Amino acid sequence: MTPLAKLLEAALFASGRPIPTDELAALDEDSSAAAVAAALDEIREHYDVEGHGVELVEIAGGWQILTRAEYTEAIERAQLAARPQRLSGAALETLAIIAYRQPISRADIEEIRGVAVGGVLKSLHERGLIDVVGRAEGLGRPLLYGTTPLFLEHFALRHLEELPRADELAIALRVVASSDATPSPNAAE
Amino acid sequence: MTPLAKLLEAALFASGRPIPTDELAALDEDSSAAAVAAALDEIREHYDVEGHGVELVEIAGGWQILTRAEYTEAIERAQLAARPQRLSGAALETLAIIAYRQPISRADIEEIRGVAVGGVLKSLHERGLIDVVGRAEGLGRPLLYGTTPLFLEHFALRHLEELPRADELAIALRVVASSDATPSPNAAE
Amino acid sequence: MSATLEAESTRTFIVELDQFSGPLDLLLTLIREEEVEITDIPIARICEQFLARIHGLELSDAAEYLEMAARLLRIKAQMLLPRSQDDESWEDPRAELVRRLLEYQQMREVVDVLEDRSEERRNRFARGWLPADPAPPSSPLALSLPELLSAVDRVLRVATRPLLHDIVPRALDVDGAMATIRAILSVRVMARWADVVRPNAEPWQVLSALLALLELARRGELKLVQVRPFAVVEISRDAASEAA
């Protein structure tokens, strides 16, 4: 590829929006409008002839590099199938604190975890695993969080009391680790 | 380019972040890991040989397409994209200590740097470059910090082991102490 | 020195201080400038240079520099103590400082590497235009009870015990505060509360400073004077103890 074509390719790749022809021309003062047009042709042809996964497209009075339509489906499918999303360690720990200490305020969760949990609370809320269940008394009357029925559903729990008590946790962990299967919810009672 | 290389290129173009190797492999279930590696090689070589404005780089356990450094200035001058701000010296010193000594407590970082680091830790945490990875035993059970995958991305590192080993530094250190020369920071490849 | 000149020099000093990321950085710079070995620091000379650099500084901003000044003075004094030629048990008072300087310098080496790498990365752009995320936020969630329980376990391991009370993160450091105050009074005749406690000091720092002041006053090392209720407390060297 010619030096101008390489420069245009880098700019088109880095830009967050389609770039109009006159802005592309401003990239290199020594190049004429005709040279820029020729370089754009060169890029487009190169992508087509060499068989790239991307193409150069003219959109809304500007130019943009886009992935070819035939691959978007595979990419989307991979993202969807991208194995069901896991919660981050931070999200799991926050969820665990809420499950055991509900109703609990954000400040109390932050005190236990030692870090800000605003973002994590938001994403747990968006996923429907927690909800606002009330307000505390006292200064500022902070929101209190608790788990939702969806939370129980996810863990195949009938009610919160099915979670092992803190002092039984070590035993429960050993049992769960050895069976490694989702516990069938027909233990006691 | 081969069909698999085209698919990978399309996926890499569609992402602003490095894509982990296993996610690339998930794009086409019929392709082996070796085939994916070969296709990545093919893309990288094609970009280099054909002289593209972009290149394929291995970062943070994945792959990412980035513009070549020689075009950065022109792109920034044309205001098509902006470089991120540099980190302060205090932030870099703190990151360096955390990268090598993780998990490490605030008090231990302050002991090495000789200054309070509360504000720096907060801003590094907000930028997502460090995270709390645990608590130490002992009085006050202080929080322990470590670096994040975003740290690797920020410094274009494939993994932490790419930083010079501590014993390599110690050798360089003795040389510096006697010669007064600034060590040449050749990043280990 | 006239008031304007003094203000002038204070200002230039603050500008200069910004070049250093801390007392160890300043110390290392002095060692480089003097072209001496880290492992064999001429402590009297370096100490003098260090004090000269921080002299006239806005003291309330420089507690960490003053702490280092106090440390250097202490080492200097220890070096002057007489010792017999063949005393095997003699420990170099500079040893701890040397260890810290070497460790600090090693870290600065890593900073150079990181700076290089980040510059390299800053000079490349990632893809700017990104398609809207095709995956709706309701992509299936992988959650298992074992995962949740191990999270509980992690929280319990990590949480301060007992959960309801937070342990004070840092104990008082009265000795440190005393060293700081002594260092301030070694460069200044008189100081105020604001000089010994930084404006954004944490409660433990305020308490440490207060206890340190009372202790030093009790030992007769300094005098605390308040001309009238709610006036600024003046902290000065005790003339009597100094004469002694």
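Per-chain numbering from 1; labels A, B and C assigned in written order.
We take it that a contact is a pair of C-beta atoms (placed from the backbone, for glycine too) under 8 Å apart; a residue touches a chain by one contact, two chains touch by 3 or more.
The structure displayed is predicted, hence computed values, not measured ones.
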item	value
Chain occupying the most central position, where position means C-alpha average	B
Of A-C and B-C, pair with higher C-beta contact tally	B-C
Remotest chain, chain C as reference, centres from CA atoms	A
Euclidean distance of C-alpha centroids - chain A vs chain B, Å	20
Whole-Å separation of chain centres (CA-atom averages), chain B against chain C	29
Centroid spacing, where centroids are CA-atom means, of chain A and chain C in whole angstrom	40
Residues of chain B touching at least two other chains	13-14, 65, 67-68, 75, 80-81, 135
Contacts with 2+ other chains: residues of chain C	125-128, 130-131, 158-160
Chain C-facing residues of chain A, complex	10, 13-18, 64-65, 67, 72, 75-76, 79-80, 82-87, 89, 92-93, 95-97, 99-101, 111-114, 126-127, 154-157, 164, 166, 169-170, 172-173, 176-177, 180, 182-183
Complex contact set, residues of chain C against chain A	125-131, 133-135, 137, 139-156, 158-160, 163, 166
Complex contact set, residues of chain C against chain B	21-25, 32, 35, 37-39, 64, 68, 100, 102-118, 120-128, 130-131, 157-161, 167-171
Chain B residues touching chain A - in the complex, by the definition given at the top	1, 5-11, 13-14, 23, 26-28, 46, 50-54, 65, 67-68, 71, 74-75, 78, 80-81, 125, 131-132, 135, 143
